[in-house]
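Listed next: structures, encoded as structure tokens.
Each of the next two complexes has chain A plus one more chain, namely chain B in the first and chain C in the second.
Coming up: the complex of A and B.
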């Protein structure tokens, strides 16, 4: 009894003191941050260029050499080690056979014939029928048009390779992910165990999955499939678990009270009632898989990604644009179809309507027609290989697209180079260079101390420890200098993303009309694979860090804007009304009510923004952004840099984890609890 | 004077002996939290109030030492405010919540000793439950919802459709077989819930606040429906509610719970006539008494100067029905059972109740 007593008397007395302390804490923290940055700049001026841990691109540290030796040892053991013979190699052979089978079906010559098992006409017909059956007639038409467009672009085979790889990876994802998600949905313990793993898989940039996998699965479709599997698995697991968990307990209880067994409950209640959420997860998984499959071109995965990559490396904007466009078309078709399918899963069919009554017979007829098309495509060459010439006229548009893109690029560079070049130079000269110089030109201990202090101010003690440990490990990778260069680009791009997120997000949060107009655009932007974003900016700005930063901003802005908009919108209407009734101006409502109450959303937007930005900045290594991204890419292409590439991958993961942890800690601080205290 | 204590005797007569009871509960406990198992057996912990238990042991006692018997064919109502443990109690009786200690006999069978397979058997064939929030499957039509339990039990398709149609007709849902739950009003949805529970032809029905989510008018209509179904089917019912009027309308006997403990278990007229404590008295204060109280509860022993040649009425006649007869007579009415005079009721006694009822409205 006496033990319980102490806490009781304490609250009343010091409450005025605490409330004033809370009131002052925010400005004081900001002031301290300014102080830290000021001291940093001062030390930079004094100690510039000392202990920067610079490492030239071709230099290796002992760690990199050891990683090279390790890679060599792994390759050497490939033919003798039981781990490979009976483990990894079997998995690889199984995956190769599976993916190869799908490729035989869609993309590559098979069965002793010079064409795939199913020709373009068959694929278009079956895909259209599937889209209509799972979704509706509109997405069916979209699918038909999209696929034919791919053919007209002269990229049929490449598209089918990408599709085959994506579909195989997605099939595996569903095979593993849905049961795993159901399990996590039923067992809180499994959920707790899985969540950090899924978080980790999702925060890692697509890029860094690839190198370690090639060590075991070699380059090619098997590695690409495993990488895609890992990257695309989290959404379907998460959303399946979420769907299962959000089935109303009353329904589950009712079915138990009727004597349902576990499997009966799963089949009769849990799965049917979470179909829509699971379908949403499938949609996200498909989009993630498509994104990863294109990036996997770096490890020699076939398909559109390879075309884009080759064109990016030769700075051939026209070809890159054509192939990029094909990826976009594929993304739109897959996204629209799966979205329509998930909407269909939600709405109950109303059999009284005539169109609904006609649906079943129409689908039957369609199935027969699709079957016929498949047969045709196996019999006639014109139905098997996408024709480029019909009746003597060239119907291909790929070259036209490429030529147009080239000429537009030429025109832009000719006439707008003053603007684009000026913008690029101004940002590079006045923002990027000084900031990068501050990070890379200061002694490492100054930067480390400053960053740890800033994390402490933003996210508290634990965030500071995470930063200290993470950055110490970065030093261990031997790539501190490159990591700081990457960090500079990342932070700068994230600041721009947050500025955009605030302005556009607040606007969307306050205006229904702005939301209605912008949201579909943002949704579309989010479904595109990272790779595609590089192409237009490469055309505008050439190969540079600035290109990577702009692409990163455009890539990350949609998610940040949406989170901010949702945060603003979720501020209770009554609070806004009360503030308005007190005579606040619109600006006062935004500043004093909506922004502070959406504080957590802002921090979450920063968290997601920084993860997206980092992932894109790294990919920017392909178009002259250098630093860690370049180290990774170089590791793929040059054997002696393989170990360095692995180390760069590790450094990226470390940077990502630190940024993720710190922004999440900041988000928790900004949470509603902190306000209430 | 001895006659006045008689009601207690009649009340206990209404309670069946454990052997013949449809449901028999003894020493039932449900404790949530760490070390829950030790609470029912620890005299010190048993003595603590719910709040002290939470503060000192960190566990919540939802049901504390509850015992009662329900006769076959009886409508037994468990009543209490939210947090009184009534919903947990009814879930313990179906083992949707696993009791911490105690005994539950359903038609003589020890429910807590049943293994998973036997429990499923019982749930499929012996008892069924109706829920406050219906718990219907949104992706199934009415008929498929009603036949869901039969489907689980492995009944053939033709047979379960036939049976489902029967109960759909029974609860007055004919014509709505092909509708989806979201197309129905709340009252109609609960009819589906009732039909689903009745489809397996259970001997025992548990209803957990089935009408609390409904509008007052619909609620009354559904209460009538339960009265009608009970008359037609004769199922034993354990009915949980927080609404005293509902309890009085439907219940043969009512168990009032507070903080997990039983406070009083008696027929409605006894609750009003002889509340066990101030809590029950407070509870029943707002109810129109004339429709519930019987002459037994308002009669007084005859005084020496009372004329004893007035009309005779039985002790179980409800006040409202006796009012006209008592007021019309110029002498006090004699309350007589088996030829024995129990007491008399005059204008004053009747008017005190009727006037009270008018005040309450």
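Coming up: the complex of A and C.
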């Protein structure tokens, strides 16, 4: 359940023997699956509406009440318990000091001065220099342009607050995540122990633990950092473990036989050889941290998220979009810089080239210039606070961005809402409603049995056991009906995500130009806070499950597309050329060579698609999807429903774990390169 | 990134850069001076304007700001008066209601200046944990109920009586309501009895949970603009009411205790007396801001004016508050300790 594609090892060509064996087994399994579904439909017709375990949104079960009492007890015990007074408060004070220090540096008035320690000119100069030094000149230029854009948008201070919080959280993530990942990479037992915890952190909706978090860590930067940390930690742990585990055992053995001690082996072999994967983990952790910006604003985290939420209160799409755009800009700058840095870390620079020889002195001059810029930004007001007026003309573009976004959404709403309404009704009537009815309208034991049988057919005995246990626990949460409603929308959204992933991913994988054009859009889909586009979506589709599915697709499709594109590109060029030389058409190359050989990436894309769709369930609850998402949101807002919200969060985690395990098992079984995986 | 000697020197002399003493960072300083030649206001000369931090008597005031514009209006006015008249240093914290109440116990929140009932929270924090105290009404009245867009009420005047709703149910059907009329509910922050109401009043409606205030407002805005039928849960005071004045549907009138049992509710929502809550510690601190918050009292109309400045005229809450205070000096005078 890693967040991004681990660097795909070039898969071996599919062997004819296994594919024909799979070919013989597949139709029989497909036939059985059709049989199971047929029986399910038949039973639905007969037993419709019986034992559906429906629970209305305002009703609580004894479990939900017990969870409420537990939360109250924790809240009441805060002042008396020594765990709080000494342990947690110490951590909180440390975190506040750390984050506060970074904020003093970048974002807020400090040291008795009305401005931060380093002004905008200094930040731009130092960031540009760092990007150039760690990456290359291109990302350096991108960094400079991106940061100046933030200033022009009129969001310099907010952006720096967000940057300070993100960087602090990411730094802590690395401090905790890299050692943990290395440990998990070395010890299979730790890995087995850690995986469910990471799954939990990634799928448990933040809303569920946001309120209790402020009890432990109080309102302020510490809570916001911990919330961000919990969500952003898993990718770096997973990918570090993955990187360490993929170091060939022969290399490790060789170093051991040469007498290397444990730490030496780590420093000399394991870490250097997994740098690229770890860097990918860092990169994904940054993305995850940025996607928490708006949520953290709910507990008074400063920065861009607050601007987005405030704008949402008055449905001001333009202002929300301007702030959302700033988050996207930050994400793209950080993403490209870390990617370039990881590429530099792997490729040894060719010292004979002239540009390489010039690099060192150029960097030195750059460092001096950056130092000068920092000095200036500490001395002069124009270099400390981003100017909004230069030479009498207003240089801000924030208002223009907001106005343009407003008029574009206005136009779209005006002209498209007829079509979009029809589309929504058609999809809901012919696809979503029947499927949901089958899941929610059948007795629970029928659904459970059918789903266990389908998992067995798709992923084998272990997948079936996981499904049985997971769904039984969902019944235990008291939210079976809601969970099935959510499952229906989740599956439909995932199918759309996969369709998009295949079509767009293949296109991007085969065309560099398409990649260059589409990638920033995908980044935007991944990091633009959903709150920004919810209002226009609501205007187009109304408050409905379809709106929720659309929002989930916008967020989850980019990941699937990127992973598929990565897989297609990793198919060796020679293989593709050979196929073309043998007279294959373009379509044949895609279907018979590239897709099968990227099988593992497709499986990973499906897997990540499901997880990302599930992480949007709560957002879906905000736009009319009801069910588990609404339960979580209402639990966050109303004390009496807290226990129910917690149970709903657990149900989402359970659905996530089941879907994750089953898709993984299915991928292992069905993938033609199953042996490589 | 600042070269060490430069930093040391900066501490000694704060106004002008003198490159002479620099060794390691000579080039840096030269560059800096070159650029500095362009001139400009230095931070020290500009920064001297920063106040020494409010009157000592009032000190720090932490106001929770719950996420709706009406609340923001209350908070902005209270904060503005506390800062200018009492010299308090006001920190506004953007928080949801639950989290704000928790903040009383941890000392992170001093006051909530618009509270919608929340009997459960009062029981927990005022009665049981004793970390909060009530601080009197804001003067505003909260109305919760079912509303329709104005065009619908004009076209079908009798729709505002609940007894006629079943007749209109078919026109409220949507993709979400499963063949019945849709009753759009669900700002998750508000308690709703609507499922019980639909059942106990025998209405042919299905409650659909929109899930957020944004979703409700967008739905009503669209319904009014495109003349489509819509009935939903909403509340006043709310800034959106001045954009689209929704019309309230009359449910069986509320009587004392008619909503005691949630499953058996068959009457309208009560009118809420909006009030203020303070942290106990703050309430006993003797700060003049305590008196101000206790005395703060205005009307729905006052709040709507400020909320409209913020939501429609896009003024910052501070400017909106300043404008209202300038227009209503006698009201403000009455609040001061």
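Here is the rule we go by: the second predicted complex is superposed on the first by the 411 of 677 C-alpha atoms of A that agree within 3 Å, B and C clash if a C-alpha of one lies under 4 Å from a C-alpha of the other, contacts with A are read in each partner's own complex, and residues count from 1 in each chain.
Please note the rule applied: a contact is a pair of C-beta atoms (placed from the backbone, for glycine too) under 8 Å apart; a residue touches a chain by one contact, two chains touch by 3 or more.
Only a predicted model underlies this, so the values are computations on that prediction, with no experimental measurement involved.
Undergrad: Applying the document's definition of touching, compare chain B and chain C: which contacts more of chain A?
TA: After superposing on chain A, more of chain A is contacted by C.
Undergrad: Is A:634 in contact with chain B, with chain C, with both, or with neither (first, second, both, neither)?
TA: second
Undergrad: Name the contact category of A:371: first (chain B only), second (chain C only), both, or neither.
TA: A:371 contacts chain C only, not chain B.
Undergrad: Between chain B and chain C, whom does A:58 touch in the aligned arrangement: first, second, both, or neither?
TA: A:58 sits against chain C, while chain B stays out of touch.
Undergrad: State whether A:268 touches chain B only (first), chain C only (second), both chains, or neither.
TA: Touch status of A:268: first partner only.
Undergrad: Quick check for you: in the superposed arrangement, does A:381 touch first (chain B), second (chain C), both or neither?
TA: second
Undergrad: Go through the superposed model and pick first if A:424 touches only chain B, second if only chain C, both, or neither.
TA: It touches chain C, and chain B stays clear.
Undergrad: Looking at A:111 after the superposition, I want to know if it touches chain B, chain C, both of them or none. Which is it: first, second, both, neither?
TA: A:111 sits against neither chain B nor chain C.
Undergrad: Taking the stated contact definition, name every residue in chain A that is touched by chain B in one complex and by chain C in the other, in rising order.
TA: No residue sits in both footprints.
Undergrad: Using the touch definition up top, name the residues of chain B that touch chain A in the complex.
TA: 55, 94, 96, 119-125, 128-129, 131-139, 148-149, 151-153, 180, 193, 196, 200
Undergrad: Could you list, by residue number, the parts of chain C that touch chain A in their complex?
TA: On the chain C side, the touching residues are 1-3, 6, 10, 17, 25, 27-29, 31-32, 35-36, 40-44, 46-47, 49-50, 67-69, 72, 93-99, 102-103, 105-106, 108-109, 118, 120-121, 124, 128-129, 174-176, 184, 186, 188-189, 191-193, 195-196, 207-219, 221-222, 226, 239, 262, 310-312, 314.
Undergrad: Where on chain A does chain C make contact in their complex?
TA: Touching chain C from chain A are residues 56-58, 72, 75-76, 78-79, 109, 113-115, 122, 126, 129, 210-211, 214-215, 218-220, 297-300, 306, 309-310, 312-316, 367-372, 374-376, 378-384, 417, 424-425, 428-429, 534-535, 538-539, 542-546, 620-626, 629-630, 633-634, 636-640, 642.
Undergrad: Applying the document's contact rule, which stretches of chain A touch chain B when the two form their complex?
TA: 4, 248, 250-261, 264, 268-269, 272-273, 275, 348
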